[in-house]
Amino acid sequence: MISELMINAFLVSIMLAIGIALLKSRSVIYTVLLTSAYSLVAALMFITLDAVDVAFTEASVGAGISTVLFLAAMAFLPKKEEQTVNNQAFPAVICLVLGGVLIWCSYDLPEIGLATSPIHQHIVPEYILGSRDDIGIPNIVTSVLASYRGYDTFGETIVVFTAGIAVLAILKNNKKTLNKIKSQKKVVKNG
Amino acid sequence: MISSTLGVWNYWIVFFLMMIGLFLVIGRKNLLKKIVGLTIFQTSVFLLYITFGKIQGGTPPILNNINETVYSNPLPHVLILTAIVVGVATTALGLSLVLRINSEYGSIEEEDISAQDLIDYHDLIETSKKISVKFKK
Amino acid sequence: MFLAALTACAVSALLVLARIILGKTTFDRVLAVNSLGTIIVIGIALHGFYANRPEFLDIAIVYALINFIGTVAILKLFSTGSLKGNNK
Amino acid sequence: MDLFIDLLTGLCFFLGSLCIIIGACGLIKLPDVFSRIHAAGMIDTGGTAFFILGMIIQSGWSLITVKLLLIGIFIFFTSPVTSHVTANLAREKGIVPVGKKIGKLL
C-alpha cells in the first residue's frame, strides 16, 4: 500500500533532479542526453502507475524516436549555446507564481489512488464490462481506442499525416523560389 | 501524516516539472532548448493524467479471468496514447522549422534572428523612401 | 524480496544519476545514461514480479534495444558530426 | 520446495544487488572514463545476469522465461559494443588515461 506510493514518490523525485540538471546545462548534446534519460524514467513511472500501453509507447516513441530526431537535427545546427547575459528574472518570477498557484490548487485534488474519486465513477465501469462482454478484446485500452473512441484515433492519424506533409514542405530544397525572392529584393533595392 | 504528504507529492513534483518546462520555453534564447522545454512540459502533463487514473491496489487494465480484480482507469491511458504520438509529430515539425531558420539566418539564437530582422526592416524602409522620392520627381 | 531488490536498484540509480549530473566529459555522461537504462530495465522486470503480473516484460525488451540505439546514435553524432555515412 | 526456490532467488537477488551497487559506486569513485567502463560493465553483466537468473528461477518454465532470456541476450550483446565504442571514441578524442606515462603505451 504505502510502498507503491514510496516508489512513485522516489521516481518522480528522480525526474525532478533531471529537470533541475536540464535548467543548468549549457551544451546542447548534454541537454539531449538528459532528455533521453528523462523519458526513460518517465516510462518506468508509467509502469508503476499501471499504464502499460503508455509506457510501451513512451519507451519506443519518446525515448527512441525523439532522441534520434533531436540528434539528426543537431547534426546541422551549432553545437553550443551562446552565453547570453540577458535578464532571466522576469520569466522565473512568472514560473514561480504560476507554480505556487497550481500547488495551492492541488489541495482540492483527490489523493492519489483513491477509488472513490470522481474520475472513476462515470463511464469507465461500462467500458470495462463492455470490453469483456461486447467486444471481446482482453486489453481494455485497445478496445476503447479502436472502438469506443475510434473517431479520436482517426483524427490523430490525420494530425500525424498533416505534420509529416508540413515537415516535407518545410525541408524541401526550394532554391529556385529562394533565388527568385532574392532577385526581387535586389530589384527593389536598386530601384 | 506521511501518507497524506505522499498522496499529493506526485502533484507537486509534476507542477514543478511543468514550471521547469515553461521556464525553458520562455526564458531561454536558444530555439533547440525551447523545443526540449516543450517536451518536458508535455511529459509532465502526461504524468498528471496518468496519476489521476491510478487506483490503489489495482492492476493494469488488461482483463484476466479472476472476477474480483480492480482495474485502473483506462480512459486517461487512451487519451495520453494519442497525445504522445501527436507530441512527437509536433516535435518533428518544430525541429524542421528550426533547421529552416538556421539555413536562412545562420543562427538559432533568438537575439541574432531579431537583430537581422531589424536590419532588413530598416533597409526596406529606406528603399521604399527612395522609391517614393523617385515617384514624386 | 522483490521490494528489497527494487530498493537496491533505487540506490544505484541515485548514484548513477549523480555521475550523470557531475560528470566531467560527455563520455562519462553517455556511459552513465547507458547504465541508468540497464538499471531501469531490471527495475521494470522486478516491478512486474512485485505487482504479481509478470506479463509485461515486453516493455523491458523494447527498453534494452532503445537504450542501445540511443547511446550509439549519440556517440556516432559525437564522432563524425552527422548521422549518415562513416566519413570522418 | 517453495522455500528452496525462494532461497535460491533471494541469493541471486542479493548477489545482483551487490553487483549493481558496487558498479554504481565505481562509477562515482573511479577517476576517468577508461576505468569507469569497468564499473559500467559490472552493472551490465553481473547485475543483469544475477537478477534475470533469480527471476527465471522464480517464474518456472513458461513464456516469461523466454522473454527474460531475450532481455539477457540483448543486454549481453549490446553492452560490450557500447563500452567498446565509448572507449575507442574517448581515445580518439584525446582523453589521456590517469597514470599513463606519456609515450610509453599505445
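Order as written gives the chain letters A, B, C and D; numbering starts at 1 within each chain.
Going forward, a residue touches a chain if its C-beta (ideal position, glycine included) is under 8 Å from a C-beta of that chain, and two chains touch if they have at least 3 such contacts.
Computed from a prediction, not measured in an experiment: that's the story for all the values here.
In this structure, the chain pairs C-D and B-C differ in their number of contacting C-beta pairs, and the larger number is found at C-D. Averaged Cα coordinates give subunit A a centre that lies 31 Å from the centre of subunit D.
Distance from the subunit C centre to the subunit D centre is 11 Å, each centre being the mean of its Cα atoms.
The mean-CA centres of subunit B and subunit C are about 24 angstrom from one another, to the nearest whole unit. Averaged Cα coordinates give subunit A a centre that lies 7 Å from the centre of subunit B. Of all residues in subunit C, those touching 2 or more other chains are 13, 30, 55-56, 58, 67, 78, listed in ascending order. The residues of subunit B that reach two or more other chains are 59-60, 62, 64, listed in rising order. Within subunit A, contacts with two or more other chains are made by residues 32, 52, 74. A complete list of chain pairs in contact reads A-B, A-C, B-C, C-D.
Here subunit C touches subunit B in the complex through residues 51-53, 55-56, going by the rule given at the top. Residues of subunit C touching subunit D in their complex: 1-2, 4-5, 8-9, 11-13, 15-16, 18-19, 25, 27-28, 30-32, 34-35, 38-39, 41-42, 45-46, 49, 54-55, 57-58, 60-61, 64-65, 67-68, 71-72, 75, 78-79. On the subunit B side of its complex with subunit C, the touching residues are 59-60, 62, 64. Residue ranges of subunit C in contact with subunit A, taken from their complex: 3, 6, 10, 13-14, 17, 20-21, 26, 29-30, 33, 36-37, 40, 43-44, 47-48, 56, 58-59, 62-63, 66-67, 69-70, 73-74, 77-78, 81-83.
Residues of subunit D touching subunit C in their complex: 6, 9-10, 13, 16-17, 20-21, 23-25, 27-28, 33, 36-37, 40, 43-44, 47-48, 51-52, 54-55, 58-59, 64, 67-68, 70-71, 74-75, 78-79, 81-83, 85-86, 89-90, 92-93, 95.
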